[in-house]
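In the two assemblies presented below, chain A is common to both, partnered first by chain B and then by chain C.
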Partner chain A sequence: MATKLPPRSPDVQVYRPQLTSVLSIIHRATGVWLSLGAIVLVIWLASVAAGDGAYTLVRASLHSWIGGAFLLSWTFALYYHFCNGIRHLAWDLNYGFELVSIYRSGWLVVAASVCLTAVTWVIALLITG
Partner chain B sequence: MSEWNRSDPIKRDVAGGKATALHRAKGLGSAKSGVNHWWLQRVSAVALVPLFVWFVTALLVHAGSARTAADWLAQPWVALPMILLLIALFQHMRLGLQVIIEDYVHVDRLKFALVVTVHGACYSLMVVGIFSVLMITF
Partner chain C sequence: MFIKSSDQVSRWRLIKRFPVPHSSSSPRSQIEPGKTWPVPAGAKHTQRLRIYRYNPESGQNPHIDTYTIDRDACGPMVLDALTYIKDTIDSTLAFRRSCREGVCGSCAMNIDGTNWLACIRSLDEVGDPVDVYPLNNLNVIRDLVGDQSHLLAQYQSIQPWLQTETPSPSNRERLQSPEERAKIDGDYECILCFCCTSGCPSHWWNGDRFLGPATLLQAHRWLVDSRDEATEQRLDALEDPFKLFRCHTILNCTRTCPKGLNPGKKIAEIKLMLQQRRG
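Right, the complex of A and B next:
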């Protein structure tokens, strides 16, 4: 007789998303996304070293609207990974490991990364005009 | 102190008598590498905190100046932190991507190939980046 096995916990399809688990997976996702940004940083450095032709091409790509969209997403990813990374380091030192603190610091990370991204881009756009 | 991290929850005698959880984990594990991976991930993270703050500040200062990217990078106060950033960044990236691969890839050969590729790519990118900064500087 065929019996349907009950879902095993934790089953991501039936699990209600919580702030804690969502922030955790975003930390990984931003880490992977920043790896792509790290490759672009090296391409940019190499193009500066290579000289005018290569640098003009890389600069034009980064100044296009799609390049700008990538830079904006990396700015947010960087601030998020930075803030949440500090949260992780605090946990490693055994600070803020109670459930209330975990939720409070979680929302703080979200707010801080959004605000810092906005402030950075406003400053950058004001400077470059 | 919370329950999970209290010192010596399991009574297990090691050389030296009183041991913390970290002390017990050092040099142990199936690969005998203990907590090296975990520890280097934290050390590179801590190193990246001031380097990241420098990176964002220096880029904004550069954006407001008239000098070229090459002139900017040739300055010692830009070239040196940039090299340190490349070292910490690619160590951190290598270890982080390795953990993600180990968590989600369950075919041994593929996992091995991906981890080796990630390590090779990260060290290659680090070297290309450092070499570029040195080329610009000298």
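Right, the complex of A and C next:
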């Protein structure tokens, strides 16, 4: 009889998304997204050094709808990664491992990053008008 | 939304799967549609089960069969439903079971997307239909029976036995104070059902080298045992970028443990032990 390799049972295809795994993958995604944001930050700084024309162009791009959407996503990514990073630091010190604490701190991170993003944008829009 | 203990079933019905294509698995693991078995005659109170089937002799890919059980003729648990199907509908259904009371760990499987023991998961807590798969990311021997050789080899690799250098006392056992004994609470209760390891995304991606939560919980059990004298060698063996440090504190393990243990916390404690040893 021909030996056929056995199938592999499904994992990510069937496993239910839950706060633990979803927040973890968002942490990684925001990390990657922030690295890309850092490049944009460098482009922005370089455009200041490069002079009027370059800066006007970069400023106009970031002030467009799409630029604004990107900036908003980076603001959220920054706050989420920061807050969840603190959560990870607590875990590294062996705090907050009870299931209740895991869920409480998880939702706290979500709420805090949404609020901080909103506050930052309200302030920014109030200043720039 | 808030989970207080690992036996709670998620009420979150919004997203039941991660948005990954089902075809993301290898060709031989692609799941095909199966057959729907007839409803038992005269059944008033029914429930459906969609069960992962694979027969190595058929040469075909795995498929999902749908069964309807008569709740009035069947016991209250998911394992009872599987036994009912095997007895009255389809005797070819294969699954592991033994104690039927959450002590042996044989009937661990993926029920409605979460790993749990079929014998202590009530049919009232699961959906209609309920999806039943084998433990994740294992080679399937048949139906719900996964090949645990690799998981057990990983368990063996941490040398899960008492290691000493001092000669054993001639007239008595090696004694422990109640405080010393209490240090292995939360470790010794593990039944090695591997619900946690097969529900761990890190173990899905790096299972060849990452030991996984069940084995690391056992490693912790021997590290904190006051009678064991090989602590340093055990820590040396774990100080590895993959074996221990592929744990990214996702904590699916703590969420899913049917015995209510906390593998995530124990792994963090091992990481701290390594950190403190470095000074």
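Convention: the second predicted complex is superposed on the first by the 119 of 129 C-alpha atoms of A that agree within 3 Å, B and C clash if a C-alpha of one lies under 4 Å from a C-alpha of the other, contacts with A are read in each partner's own complex, and residues count from 1 in each chain.
Keep in mind that, in the parts below, a contact is a pair of C-beta atoms (placed from the backbone, for glycine too) under 8 Å apart; a residue touches a chain by one contact, two chains touch by 3 or more.
The structure displayed is predicted, hence computed values, not measured ones.
J.: Which partner does A:Y55 contact after superposing on A: first (chain B), second (chain C), both, neither?
T.: In the superposed model, A:Y55 contacts chain B only, not chain C.
J.: Under the stated touch criterion, which partner chain does A:D92 make contact with: chain B (first), chain C (second), both, or neither?
T.: After superposition on chain A, A:D92 lies in contact with both partners, chain B and chain C.
J.: Quick check for you: in the superposed arrangement, does A:R104 touch first (chain B), second (chain C), both or neither?
T.: second
J.: Based on the superposed arrangement, let me know which partner A:V122 touches: chain B (first), chain C (second), both, or neither?
T.: A:V122 contacts neither chain B nor chain C.
J.: Let me test your reading of the model: by the given contact rule, A:L45 touches which partner, first (chain B), second (chain C), both or neither?
T.: In the superposition, A:L45 contacts chain B only.
J.: Which of the two partners, first being chain B and second being chain C, lies in contact with A:S21: first, second, both, or neither?
T.: second
J.: For A:S35, using the defined touch cut-off, is the partner it touches chain B, chain C, both, or neither? Pick first, second, both or neither.
T.: first
J.: After the superposition on A, what does A:L78 contact: first (chain B), second (chain C), both or neither?
T.: first
J.: Looking at chain A, which of its residues have contacts with both chain B and chain C?
T.: 88, 92, 94, 97-98
J.: Show me the residue ranges of chain B that touch chain A in the complex, using the header's touch definition.
T.: 1-2, 5, 42, 45-46, 48-49, 52, 56, 60, 63-64, 69-70, 73, 82, 86, 89-90, 93, 96-97, 100, 125, 128-129, 131-133, 135-136
J.: Under the stated contact criterion, what part of chain C meets chain A in this complex?
T.: 1-6, 10, 12, 15-18, 20, 22, 24-26, 28-31, 52, 54, 56, 59, 61-62, 110, 112-114, 131, 133-141, 146-147, 198-199, 201, 204, 248-252, 254-255, 262, 264-265, 268-269, 271-272
J.: Inside the complex, what are the residues of chain A that reach chain C?
T.: For chain A paired with chain C, touching residues are 2, 4-21, 24-25, 88, 91-94, 97-100, 102-104, 107.
J.: Contact residues on chain A for chain B in the complex?
T.: Residues of chain A touching chain B: 28, 31-32, 34-35, 38-39, 41-42, 45-46, 48-49, 55, 59, 78, 82, 85-86, 88-89, 92, 94, 97-98, 120, 123-124, 127-128.
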